[in-house]
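Letters are used for the chains, namely A, B, C and D, taken in the order the chains are written, and counting of residues starts over at 1 for each.
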Amino acid sequence: MLKRRYEFKAEFFDTDPMGIMWHGNYVKYLEMARCKLLDEIGYNYIKMQDNGFTLPIVKMDLKYINPIYFNEYFIVEISVIECDITLKFKYTLLSKDKLTIAKANTTQVAVTLNKETLYSIPDDLKFALNQ
Amino acid sequence: MLKRRYEFKAEFFDTDPMGIMWHGNYVKYLEMARCKLLDEIGYNYIKMQDNGFTLPIVKMDLKYINPIYFNEYFIVEISVIECDITLKFKYTLLSKDKLTIAKANTTQVAVTLNKETLYSIPDDLKFALNQ
Amino acid sequence: MLKRRYEFKAEFFDTDPMGIMWHGNYVKYLEMARCKLLDEIGYNYIKMQDNGFTLPIVKMDLKYINPIYFNEYFIVEISVIECDITLKFKYTLLSKDKLTIAKANTTQVAVTLNKETLYSIPDDLKFALNQ
Amino acid sequence: MLKRRYEFKAEFFDTDPMGIMWHGNYVKYLEMARCKLLDEIGYNYIKMQDNGFTLPIVKMDLKYINPIYFNEYFIVEISVIECDITLKFKYTLLSKDKLTIAKANTTQVAVTLNKETLYSIPDDLKFALNQ
């Protein structure tokens, strides 16, 4: 299935008094990877909204394995693991020397602009994700 | 002119590797004080939107005098210093023992929901701020 | 087991283009509830550090059930569900009219200031949590 | 004097209910530009700390001229405007089609790790900035 790898850097404002990235800030990098992937397949949040739906997160889990220090580069590896009723992405964060930093999963559902839940990911998004 | 004092606490996620509040996070507390004041006078951002305008920040300056450490309580003193063409607030952040932590100013202009700038703060907001 | 309820308000800077709290910002309110509880039992992050350890998050999961809108008050109900090898908290976010907004869990382990993992929560913290 | 241009993109988590970047989030991009410049001249925050000092922000001002929308690319142009008693950077944020989005200034002072203010920017940093 669709898989991408993106590189990021831990910013000063991301790090806490322990000198490491604050656990809540990982969520931003998951979103950045997800948005980059959606941009690349030509179906980003703007196109979704133009097509009458949004894709809110309904579930998220993270496992923190090794810390990320200020100014360190890291990789977010993102893969689609389900695209049917819901859209699920799996994420692995890796340090430059291939150490696993964290693992995460997100689940999204399609919701119309009138806030009605759709019980399936719209076909054209499915199609774009399966290229 | 209208003046209020609100108490806040420096959160763990606000603090940086120096163990003090990251300078960009002060902006959140200015907004929290501003929104509390607007709630109290009965004219918050929701009412503005219902009345067809928003109040974007066009200018902001901050002066950092003493650090705020994790878990420390501090006070944001907010006063209206102009409410005519623009709305200006002045802020003083004080530690519990009256040490000045920071000083700040913000300037806002009224903009219609169609993004046209109004060259005056709407009268009913002026009125609410002058009670 | 120990259980507390704290009230918060969704801030303007917390909300996204959908007008609802951005899913990553919930993590801040889990931390605020956790830190308030630890303050109340007299064993906060500062005391931990003085006693030679920190308590990093190693796992976190969230389930988003209903949105929180700007300026809405909500409650974070936090309970200790394990305090032995790891410290686990369970969180339920509720709207003012008792609608479930979200559910979450966090797991923390004790780590010395030299970054050695302790395979048990220190006894005096256990004791404080069991009062 | 030293001048650099860096490109960034407005993220979903940066944008507020108006669909534009929240004014407080600009501060992160000023810091990202500043840290990139310091990395490039080989004198970043880590090297400063190794050399016994930090460089806290003591003053900051921003002027917001045009909004940045979600997913839009923008440029931060950063220049050193003073490097003597204090270190001052000037920033201009530009849209892809050269529209001025914002202007900003920051002032930093050197402080030893024991929190004593130095009344001059250390010579080797001055030297690195003047290359």
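Going forward, a residue touches a chain if its C-beta (ideal position, glycine included) is under 8 Å from a C-beta of that chain, and two chains touch if they have at least 3 such contacts.
All values reported here derive from a predicted model rather than from experimental measurement.
Visitor: Return the chains common to the contact lists of chain B and chain D.
Guide: A, C
Visitor: Computing the C-alpha centre of each chain, which chain sits at the greatest distance from chain A?
Guide: Comparing chain centres, B lies farthest from chain A.
Visitor: List the centre-to-centre spacing of chain A and chain C in whole Å, with centres computed as mean CA coordinates.
Guide: Averaging C-alpha atoms per chain gives centres 23 Å apart.
Visitor: Between chain B and chain C, tell me the centre distance in angstrom, where each centre is the average of that chain's C-alpha atoms.
Guide: Taking the average C-alpha coordinate of chain B and of chain C, the gap between them is 27 Å.
Visitor: Measuring centre to centre with CA averages, how many angstrom lie between chain A and chain B?
Guide: That gives a centre separation of 33 Å.
Visitor: Where does chain A touch two or more other chains at once, residue-wise?
Guide: Residue numbers touching two or more other chains: 12-13, 18, 24, 27-28, 31, 70.
Visitor: In graph terms, with chains as vertices and touches as edges, which category applies: line, ring, star, complete, or other?
Guide: Topology of touching chains reads as complete, every chain touching all others.
Visitor: Contact residues on chain A for chain B in the complex?
Guide: Chain A residues touching chain B: 12-13, 15-19, 22, 24, 70.
Visitor: Given the complex with chain D, which residues does chain B contribute to the contact?
Guide: 18, 23-24, 27-28, 31, 54, 56-65, 67
Visitor: List the residues on chain C that touch chain B in their complex, please.
Guide: Listed in rising order, the residues are 11-13, 27-28, 31-32, 35, 39, 44-46, 70-71.
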